[in-house]
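Take a look at the structures below.
In what comes next, subunit A is part of two complexes: it sits with subunit B in the first one and with subunit C in the second one.
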Partner chain A sequence: MKKTEKRTVALAAVFALTFGIAPAANAMHIMEGYLPVQYCVIWGILCVPFLAAGFFSIRRTINEHRKTMILLAMSGAFIFVISSLKIPSATGSCSHMTGTGLGALLFGPSAVSILGIIVLVFQAVLLAHGGLTTLGANTFSMAIAGPFVSYGVFRLLKKCRVNRRVSIFLAAALGDLFTYCVTSFQLAICYPSEAGGVGASLIKFLGVFAPTQIPLAVIEGLITVAVMIGLESYASPELKELRFIGEEK
Partner chain B sequence: MTKNTKTVLILILAVVLIAAVPLFALRGAEFGGSDDAGSVMVEEITGDEYEPWFTPVLETVIGGELPGEVESLFFCIQTGIGVGIIAFCMGRLVERKKWMKKEADGHDSN
Partner chain C sequence: MIAIDKFCYTSRLRYVNASEKFALAVITLLICIAGQSFVISAAVLAVMGVLTVRKGGLPFSRYRKMLMWPLGFLILSTLAIMINVSRVPLDLFAVPLGGWYITGSAAGALRTARLIVTALAGVSCLYFLSLSTPMTDILTVLGYCRCPRLIIELMLLIYRFIFVLLDIASAMTTAQNARLGNKDFRTACHSFGQMASALLLRALKKSNALYDAMEARCYDGTIRVLKEDYPPKAREIAAIAVFEFILLILLAGRLTGWVM
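Right after this comes the complex of A and B.
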């Protein structure tokens, strides 16, 4: 288990470097071939430092908190499951969630970038969902921007002494939603409208993604809370080691 | 603990409701992917049909679009891998808790 884990991480890092530097780019479900080459490259390169940080962060976790690797594996698997479920939404189209909130809260946002890119590569290669050319942009929105928002929201709410479950819910839901905002932005800067430019395009793309995603963001928040309750009752030693729970309990 | 179980059950129920209601409320809707809706929007903005400059590797290899059934197979594999890992780990943790309790009762240590 541990060795495999290590190997997986290393493999993901190689993938990231290969595609980050010479990328074709498809973003979190920006379709293959839909971003102009230079944007693919830019988003790919933007991802590299985060992925490197994620790699080191995961390596640190493996070295210093070996015990918590079971949670790392579960966070990764959680993203796998959640992002494979297409769920019908209020607007009459389907979308899926990101599942990155859980990992971000437990291990910090940079670690999730590695977990996320594994899923994205899987989907891009096998499912033609997202794509290799937009991998950089998709990684940035789903595995970097979303988790950072989740983490930030959670930290902020914790400081404000908001109820922990409420904070987990909001963090996961907002992170999910933000992922799609970033996707809209990425598409908008490549496809500015004739009238109104990038701003008008942004509103149009948000109009497509946001209403669909809001109910799903709520679902993701609820599921993340449920999983967290499960972990709190069965994995409290690990959570304490990650300092996720402890002081207040 | 029982309170937690109750909370989890309520959460799961809410999730199922949110996911299922649109299906019944919007009868006859197509429920296509919102990713595709994105490409439709691109066409609307650029004014003509956009030709993706890169086809997915797999589509190039098999010379066409992935058949729907096979696509659902891959999605199931993805879900299966994830669920398998989670179930395995969770099972370990649940067992361990039982075990630790027994040990603590027996020896008073750990």
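Right after this comes the complex of A and C.
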């Protein structure tokens, strides 16, 4: 074999090994029963202020414009459906979007916290992604931390006048990566390593989930760009209507 | 169509009082993760499995397949917990690699095994609830638990809209497949993006039309539906109480150390 051929085969082998092992690259929901009780409670409590803020902001908008209720419900259903559909993947494994970045860009981070926890309940009950006891931890990583990062990155890049597509891509991908880091951290503090403590454990979790989560973040970024571009060219009036949900008064 | 939802509507346990089922699932789940014990988890897995398969009428092969769904997460995170990279070898196994060892301890392996059975038992509790209780019944129970009305209303609407949107999405995906829209990775990404943006557009149009229709029928912020009421039966409550009591004794045993 020539040198380039050898290299190609080696690369293909590495690729096949890393992706072949992971059976299903779901968004990284912590499964039911995987966290000890005290951590379930702690993460639940940490979510409360964000959820309360989201709840009050939603209630205020709904009291003023009753139509927002239907709009919010459609948006929640949209996030659920998008995250339950199989997305294209380069390797043929079955994977799903988290939809957090897209949600944050469309509806703003405060509305997404409430929609996110509802979507997570539905995902747990209807799809068995995640669980009831791990709801707090999953809400914190997917409906609070991820969307806030996405939104922050997007606003920041917009201010710096970065290309729009690039900023949408980075917002969605970084939000996804941050979710993955937070989930790894949540697992690491529950199960510190016997050799090296929480730090070593964090590195292990990050490493183990990296082969599925990093490509997923890239794909999610690409798809979010496609969706936003599609919306901006066909539906700018509707987009304005949505911005209005996310407005904090 | 969502598989779990379909099975839950055909379950033979569907017309049992929803609060009973909810309480059984949630209390058992809490005891199970508080205990992290082999005995409690095995008991929970067995009881929930029998309830779902024998009483509920779900085919066992389906149930086994469903229990395998979260396997990807379980395998990866179990690997992460059990295997250490360190300069000192631990007691169970150690593979030398340069100056380092890929190693694990016996205590770690025991803890991981406990975690796996606990997680599986937890999933079986979740399945018992979701394979026997339709979402609308769960929402009614949440209402009894003083969950804000706004949230319940929102959940009810979202639950309804999920099926509307899933229908539209599957029709669009079929159309894209028929036109070679998923022939390679690039087109697949593009198609998915187009499908999602068209889906959102349709969702917004539908929500406008729906709002007009509801407004015309005096919608004032709450949807009032008739509740079907299935009163709890004394025998069922007694059985649940006995089961939870036994689990609590086992939990006490686990905390004092005479149960694995």
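One rule holds in what follows: the second predicted complex is superposed on the first by the 176 of 249 C-alpha atoms of A that agree within 3 Å, B and C clash if a C-alpha of one lies under 4 Å from a C-alpha of the other, contacts with A are read in each partner's own complex, and residues count from 1 in each chain.
Basically, contacts are C-beta pairs under 8 Å (C-beta built on N, C-alpha and C of every residue); 3 or more make two chains touch, one makes a residue touch a chain.
Since the structure is predicted, the reported quantities are computational estimates derived from the model, not experimental observations.
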{"item": "Partner chain in contact with A:Q123 - subunit B first, subunit C second, else both or neither", "value": "first"}
{"item": "Contacts of A:S95 with subunit B and subunit C, given as first, second, both or neither", "value": "first"}
{"item": "Which of subunit B and subunit C A:Q213 touches, first, second, both or neither", "value": "first"}
{"item": "Which superposed partner A:R66 touches (first subunit B, second subunit C, both, neither)", "value": "second"}
{"item": "Which superposed partner A:Y34 touches (first subunit B, second subunit C, both, neither)", "value": "both"}
{"item": "First (subunit B), second (subunit C), both or neither touched by A:I58", "value": "second"}
{"item": "Contacts of A:G196 with subunit B and subunit C, given as first, second, both or neither", "value": "second"}
{"item": "Touched partner set for A:T133, first subunit B, second subunit C, both or neither", "value": "both"}
{"item": "Subunit C-contacting residues of subunit A that also contact subunit B", "value": "24, 29-34, 36-37, 70-71, 73-74, 76-78, 80-82, 84-85, 87-90, 119, 122, 124-128, 131-133, 187, 191, 193-194, 201, 204-205, 208-209, 212, 219, 222-223, 225-226, 229-231, 234-235"}
{"item": "Contacting residues of subunit A [partner subunit B, same complex]", "value": "24, 29-34, 36-37, 70-71, 73-74, 76-95, 119, 122-133, 165, 183, 187, 191-194, 201, 204-205, 208-209, 212-213, 215, 218-219, 222-223, 225-226, 229-235"}
{"item": "Residue ranges of subunit C touching subunit A (in the complex, touch as defined)", "value": "2, 4-5, 26, 29-30, 32-34, 36, 66, 69-77, 79-81, 83-86, 88, 90, 103, 105, 107-108, 115, 118-123, 125-127, 129-130, 135, 138, 148, 150-151, 153-155, 157-162, 164-166, 169, 173, 182, 185, 188-194, 196-201, 203-204, 206-207, 210-211, 214, 219, 221"}
{"item": "Touch list for subunit B against partner subunit A, complex", "value": "1, 4, 7-8, 11-12, 14-15, 18-19, 21-23, 25-26, 29-39, 41-42, 44-47, 50, 52-59, 65-66, 71, 74-75, 77-79, 81-86, 89-90, 92-94, 96-97"}
{"item": "Subunit C-touching residues of subunit A, taken from the complex the two chains share", "value": "22-26, 28-37, 40, 55, 58-59, 62, 66-67, 69-78, 80-82, 84-85, 87-90, 102, 106, 114, 118-119, 121-122, 124-128, 131-133, 187, 191, 193-196, 200-201, 204-205, 207-209, 212, 219, 222-223, 225-231, 234-235, 238, 241-242"}
